[in-house]
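Common to both upcoming complexes is subunit A, partnered first by subunit B, then by subunit C.
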Partner chain A sequence: MESDLGLWAIPIAMLGGAIRVSTPFLFVSLGEVLTERSGRINLGLEGTLVFGAMSGYAVAFLTGNAWAGVGAAAICGALFGLLHGLICSLPRVNDIAVGIALMLLGMGLAFFFGKPFIQPVAPDLPSISFGWWSDLPQVRAALQVNVLFLIGIVAAVALWWMFRATKVGLVIRVVGDSTDAARAMGLSPPLIRTLATAAGGAFAGVGGAYLSLFYPGSWNEGISSGQGLMAVALVIFARWNPIYCFWAAILFGAAGALGPALQSVGVSTGYYLFYAAPYVLTLGVLIATSSPTRAMTGAPGELSITK
Partner chain B sequence: MTVMGHLAAGALGIETLGMTMRFGGFTALDRVSIRVAPGSFHALLGENGAGKSTLVKCMMGFYHATEGQMLVDGREARVPDPRAAHALGLGMVYQHFTLVPSLTAAENLVISRKDAPRIIDWRSENAALEAFMAQMPFAVPLDQPVRALSAGEKQKLEILKQLYLGRRFLILDEPTSVLTPDEADEVLGHVKALCREGRITVLMITHKFREVTAYADEVTVLRRGRLAGTGRVAELSHADMARMMMGDAELAQPAPRAGEAGPAVLSVEGVRARDRSGLKEIVIDALEVRAGEIVGIAGISGNGQMELMEILTGQRPAEAGTIRVKQTPYHARREEARVKCVRYLPEEPLHNACAAKMSVTENIAFRTFDMNGSGTRFWLSGREMKARAADLVAAFRVKTASLDAPMASLSGGNVQRAVLARELTGDVDLLVISNPCFGLDFTAVAEIRARIMAARNGGAAVLLMSEDLDEIMELSDRVLVMSEGRIAYARAVAEADLAEIGHHMGGHA
Partner chain C sequence: MTSLPFSRRSFLKGSAALAGASAFAGPAFADSHSPLTVGFIYVGPKDDFGYNQAHAEGAAAVKAMEGVIVVEEENVAETVDVQNSMESMINFDGASLIFPTSFGYFDPHILELAPRYPDVRFQHAAGLWQEGVHPANVGSYFGYIGLGQYLNGIVAGHMSATKKLGFVAAKPIPQVLQNINSYLLGARSVDPSITCQVIFTGEWSLAVKEAEATNALADAGCDVITCHVDGPKVVMETAAGRDCFVCGYHADQSPLAPEKYLTGAEWNWPGVYTRMVQTVLDGGTIDNFDRGGLAEGYIKMSPLGPAVTDAARNQFEAVKAEMMAGGFAAYQGPLMDNAGNQILGEGEAFVETDIALESMDYLVDGVIGSTS
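The block that comes next holds the complex of A and B.
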C-alpha cells in the first residue's frame, strides 16, 4: 500500500483539487464582496462567469495569447456589471430580479457566440510547479499552481487592505452601510454602486476565463456547475471579508474535489453523491449560519437580502 | 491639520430676515426672523409641524427659502446646498444618527473630511485624532465600530465630528432624545462650555423646557410656521414658553387615576432570550402586571426593551421561562391573544403592527376580519370592515386621505392612532405598549396618553416601555428600569427617585 499512497491519496487529491477548483470561487466571491459591500447584490455573476469563460476562450484562441483572453473576459465581465449597475440605479428596480435576468442573458449570449469555439483548442494559462521537492507524482500534480490562483490571493489581500486603509474602500463601505449617511457626506450612492458592480463583474469574468483556459480548460456549455451562484452563498459564509473569502473558496474547492478524489482511489459507489458535496456544503453553511433571532454581523446595512 | 485652524476662528453669528418657505399652497414658514449671537446657546422651541425643521433646513441649504435672506457674521450669505453651508462653517447634528454603523469612530471621522487622503496612513491619522481629542471636553473610544457605541457616545461622536470638520455654528436637532438624563446633562454641559469659550455657536431644536432653562441663553418659539416669541431664557418661565408654543389650544388632560390594582394579569418568570446581536442575554427573572395598573419600564434603547417586547408579542422565541396571562401559559398566538384579550402597540407600529402597503381599512380589521360575532367566517365582509374602519377612524381622529389609502401614506401620529384604534377597541385585559408617543406632537401625545390612562382605569393591565422618562413618571403606577437586559430597579412611582432611576438607566448603580 506504501507505493500507491493508500488513503493518503484522498487528502492530497483534495488539496490539489482545492487549489484548482477554488480559483473561480475565489474570483467570483471577491467580485461579489466588492458589489455587496457597496449595498447591491448581483446574482448575475453566474452568467458573467459563463460569458467570461466563452469570451476568454475565444479571444485566447483568436490571438493565441491566454492573457489576452483573461483581459477580454475581465472587460466583458465589467460590461455585464455595468449593465446591472445602471439598470439597478433606476428607481424601483429590484437588484435580485435584474441579477437573475442578467444571469440568463449572460449564459444565453455565451452559448450563442460560443458555438464556433467548442471544437478549437486555445492556449492554456501558465502554472508554476511548487511540487519540485517531492518524488511523488500525486504531490507534484497537486502543487501545480496556476498563476491566476496566486493573483487571486494577492487580490484578496489587496481588497482587504482597500476596505481598511483607502478612501475608495471606506467610501464603498459607507455607501453599502447607510445610504443616508452617504448622501449626507455628499456622495452619490447609485454611481458608486454601479462602479463597484462593474468592478465585481470584472472579477467574475476572470473567474470564468480560468474555467475555460486552465481547469477544466476547454469551452463547452456545461463549463460552470453553478460556481457563480454558490459564490453568493460563500460571501455570506465569509461575512463579507475578502480574506475569509479565500479560505471559504478553498473549503468549497476541496468539497468539489471530494468526488474525483474518491473516484481516484477506487471508491465508486455513491459517486454522484460525493459530487454533490459542494452543494450540500452550500446548504449546510446557509442553514448553520442562519438564525431567526439574530441580525447578521458584518452584513452591509443596505443589502436588500439582509434588510 | 487644517481642522485646528478653523477652530481658532471662533463662533459664528447668524441672522435670518423674513425667512418664508412655501410648499405649493402650504406655507411652512412665514416671515421668520431670528438672531443667534456668536458664542450663544440658542434654543428653538415648537411643536411638531411648527416649522423648526423647515427653518434649519433652509439655513443648511436643504431647502431654498421662497423669500427672505440669511446673514452670517453680518454679511449676506447664499446657501444653495448643504456643501455651501458647510463651507461657511455651519454644521448640523441630526436627530437620527448619520454615522455609519459598521465603520469605527475613527473611520467615520476621517471619511467625513472633505480632504480625506486617497490612501489613509492610519498611524499618522490616529496621532492627529488623538491630538484633536485631547483638546475636546469629552472622549469617545475611537477604535470601536459605531454600532457598539451607546447612544450617548454616538451623540458625542456626532458633535465631535462637527468640531473635527471645523464647524463654528452647530444646529442640534433634539440631541438628547435618546440619552439618559445624566448623559444629556454631560453632553449639553460640555457643549455649553464650548459656547462660553467662544468656539462655537449652538442652535438647539428641543421640546424639553428643562434643557432650555438649564443650558440656553436665549430662546425662540415657533408656532404654525410663525415666530411666536423670543427672549432671554432668564426672563421667561416654563409657563410663558408653553403659552408661546401652544397658543390657546386645549390639551387633553390625562384622566385621573381611579380604582385599585386587581389580580395579576401578566406574569413573566425566568425568561431568557438572546438579543439581536446574539451576544447578550435578556434575563427577566420576575415581572408582574396587575389589572388596573400601569407598569412603566424605563431605560435607554438597546438595553433589552425591544427584545422583551418581541418576546411578549411572539416575534422572538424565549429560550427558557414561562409567560402567563391570567394564570395560564401564553405563547402569543393570535387565538390566545383574542381569547385572553391581549393587545399590543409596539414601537414603530408601521413596521411592527401594520402591513404598510395594505389599506387603512384592512389594517384596522386585522383582529376581526375573520370573526363573525363569536364564530369565525370564511367569506370576508368588505362592507362590515369598511363601516367599522369608518367608525374607528372618526372616533380616534385618524387623518387619512381615504379608507382605501395604504397605511404607509399616513403620518407617524396617524399610524399610531389607527393602531391604537384597532388595539383598544373591544375588551382589553392586557395592553403592552412600547414608545407610544415617539416623534408625535403635543396634542397627539396628550390624547394617546389619555387613552392609555383610560384603559388602565377601565381595569386593563398595562405594560408600558418607553425611553421618555417623563412619560413613564406621568403614567406609571410602578416604575422598573431595564439595563443590560435585566430589570435593575423597581419601585412604586410615589417612592421613585428620579436621580436614582437615572443612575440605574446608565448602569452605574
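The block that comes next holds the complex of A and C.
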C-alpha cells in the first residue's frame, strides 16, 4: 500500500470509477433505448431503478443468493414497464406524465417495502479480478470488474446487432418510426410498445440490483440519487444507439470519479466545480456534436417529444 | 392547549403512532394527570446506521418512560415540510415538547413556529440558540463529539501502518471541520508524522459519491478511514472491502465490519432525552443551552474491536479517563492551520467547552484538503 502514484492516481481512479459507477447508467439507458426505439418514452425508470435496488437487496437477503436478487429485480422492473406500457396503450394517454407518476410510485413503494431491509446485510454479487498482472493495489482494485458490467457490454452489442440485423429489431424500429407503416404491415403497435417497455423496465431493474448488491452495495433510500433520470437523458446523448450508450455510461462514470480522485492527490480547492464535471462534459459533447441541419439524428419518428 | 386530557383524534393518532406498543398506557394515567406527548422529527430514515438512528434510539428510550407518549416522523425535509410536521404534532397529537433533530430545521422553521405556540417547547439539536435573540421556548443542545473523534484518532494512529488516515466528509461546516481536526490531532498525539486526507462529498447523503471517495482514499494509501456523513454504512462497508480499518461515527457500525472496526464516536441520546423529558415530567424547565461530552453522558465510544493492540487500548483508556475528569483540551498550542496561519500560540489551548471551537473554519496542519 506504500506506493505513491502521484498524478497517475487520477487516470487509474477514473478508470476504476468508470467500471464501478457506469453499470447502472448502462442498464437503464439500454432499457430506455429499447423503449424509445419502439416509440415511447418511459421517464419512470428512476422509480424502477430504486424499486429494483430494493427488491434485489430484499430477495438476495432472504434467499442468501445475490443472483436470485438480480432475477427478482428484473421481474419487478418488467412489471413496472408492463404497467407503463398497458396504461399508455389506452387512447389519449401521455407517456411522459404516466412515466413521472410511475417514478413516484416506484420510489414510494420501494421506501415502504424497503424499511425492514435497511439494516440487514445481503450477499454481494461476485466480481472478476482482471488486475492480476499488476503489483499496484490501486490498479488491482480498479480492475475488480463485476459480472453485471460484462453482461451489460454483451447486452449493448446484442441490442445493437438486434436493431441492425434481426426481424425483431426491424419490427421495433418500424413501430417506433411510423405507426401507420406498422399498421399497414399488420403489426400491433400498442402490443409491441408494451413489450418493449416491459423489457426496458427489466433492464432498469437489473441496474438497480447492481446498486444495492455490488456498488455501493447496500440498500438505503438515497441509493440512486437521480441516476435513473440521468440515464434517461443519456439516451438522447447517445443518439438512441446501444453502443454509444456504453461509451456515454463510461464517460459519466469516469467524470464522476474525477472529483474524489483530484482531492485524494491534493487538488482540493473548488471540489464543487469538479463534481459538476459530468454535466459540463455532457453539455460540451452535445454542443460539439450538434448540427443546425440534422437535429435529433437517430430519434425515432413516433416519440412524443419529436412529433 | 387541549383542555381535555384526550381528544378522540389525538388518542387515535397517538395509539396508531405507537403501533400497539403500550397504546393503552394513556387512559390509565388520564385519571391522575394527562400524559406528556413528545414529538421527534428526523431528516432521514431512522434506521440509517447513523445520525438519525442515534436520535431514534433516544426516542425509543423516552417511549419506555411512564406517562409519556412519543410521536415520530422520519424523512422530513428541511423545508416548510418540517413546519407542517411540527404543527400537526402540536395540533393533532397534542405534543408539548418537540425534538426537531436536524441542523437546518432551526432557521427559519422553528423560529417561525415558536412565537405562535408559546406553550410548546422546541428543543433543537445543534448549538444555535442565543440568549436575547431567540424565543425563550426554544432550546439548543449538543455534545462535544469532536472528543470522540480525538479518541478515534488515537486508536487510528496506533493501527495505521502507512501513517495516512482518511476522512470522508459531507460539508465544510464547523462541526465537521472540528471532527476532522480532532481525528488528526488524536492520531498525532501518537505519532506527529501522521497525516489525514479529507475528501468532501458536498452532501449529507450521497451513496455512490461516498463509495467513490472511500475508494479514492484507499487508492491514496490511507489505511484507517472514518467519516462524517448522515449514514456511514456505505463508507464502512466500502473501506472494509478495501482492507482498511474503520472508525465509526454517530452510531455503532461494528456489525457492518466486525473485523475491521476499531472503535467509534457515538451519540448517547437515550441518556440525554430521558433526562430532559424527566425534567419536564417533574414540572421543571429544560435549560435553553445544554451541552456535554463524555462525562455528561452526551457521547460514548463503541467497544474496541478485536484488531486493536494493547498499546492503543492503554492510551485510549488513559485519555478517556482524562476526558471523564473534565476540562480536556484537544487543541493545544503551538498549532497552525494547513494554510500556514497560526491558530494557537505557545501555551494557549482550547478546552472542550471553548466557544471558539464552534466557529471553526480551518483545517489544522497535517490535514490534506481544503475547506472550499
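Here is the rule we go by: the second predicted complex is superposed on the first by the 284 of 307 C-alpha atoms of A that agree within 3 Å, B and C clash if a C-alpha of one lies under 4 Å from a C-alpha of the other, contacts with A are read in each partner's own complex, and residues count from 1 in each chain.
One rule holds in what follows: a contact is a pair of C-beta atoms (placed from the backbone, for glycine too) under 8 Å apart; a residue touches a chain by one contact, two chains touch by 3 or more.
Note that the coordinates shown come from a computational prediction; the quantities given were computed from them, not determined experimentally.
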- Query: Now for A:190: first (subunit B), second (subunit C), both, or neither, which partner does it touch?
  - Reply: neither
- Task: Go through the superposed model and pick first if A:181 touches only subunit B, second if only subunit C, both, or neither.
- Result: first
- Give one of first, second, both or neither to describe whether A:217 is in contact with subunit B, with subunit C, with both, or with none. second
- Return first, second, both or neither, reflecting whether A:291 touches subunit B, subunit C, both chains, or no partner chain. first
- Of subunit B and subunit C, which one touches more of subunit A's residues? C
- For A:301, is the partner it touches subunit B (first), subunit C (second), both, or none of the two (neither)? first
- Who does A:11 touch here: subunit B (first), subunit C (second), both, or neither? neither
- Item | Residues of subunit B defined as touching subunit A within the complex | 82-83, 94, 96, 98-103, 107, 110-112, 116-122, 273-274, 276-278, 316-317
- Report the residues of subunit A in contact with subunit B in the complex, numbered from low to high. 165-168, 170-171, 173-174, 177-178, 180-181, 184-186, 291-295, 297-298, 300-301
- Task: Flag every residue of subunit A that touches subunit C in the complex, lowest number first.
- Result: 1-5, 9, 12-13, 16-17, 20-21, 111, 115, 118-119, 121, 137-138, 141-142, 211, 215-218, 220-223, 225, 227, 256-257, 259-261, 263-266, 268-272, 275
- Note on the structure: Interface with subunit A, subunit C side, in the complex: residues 44-45, 47-49, 75, 161-162, 197-202, 205-213, 215-221, 223, 231, 233-234, 237-238, 241-242, 255-256, 368-370, 372
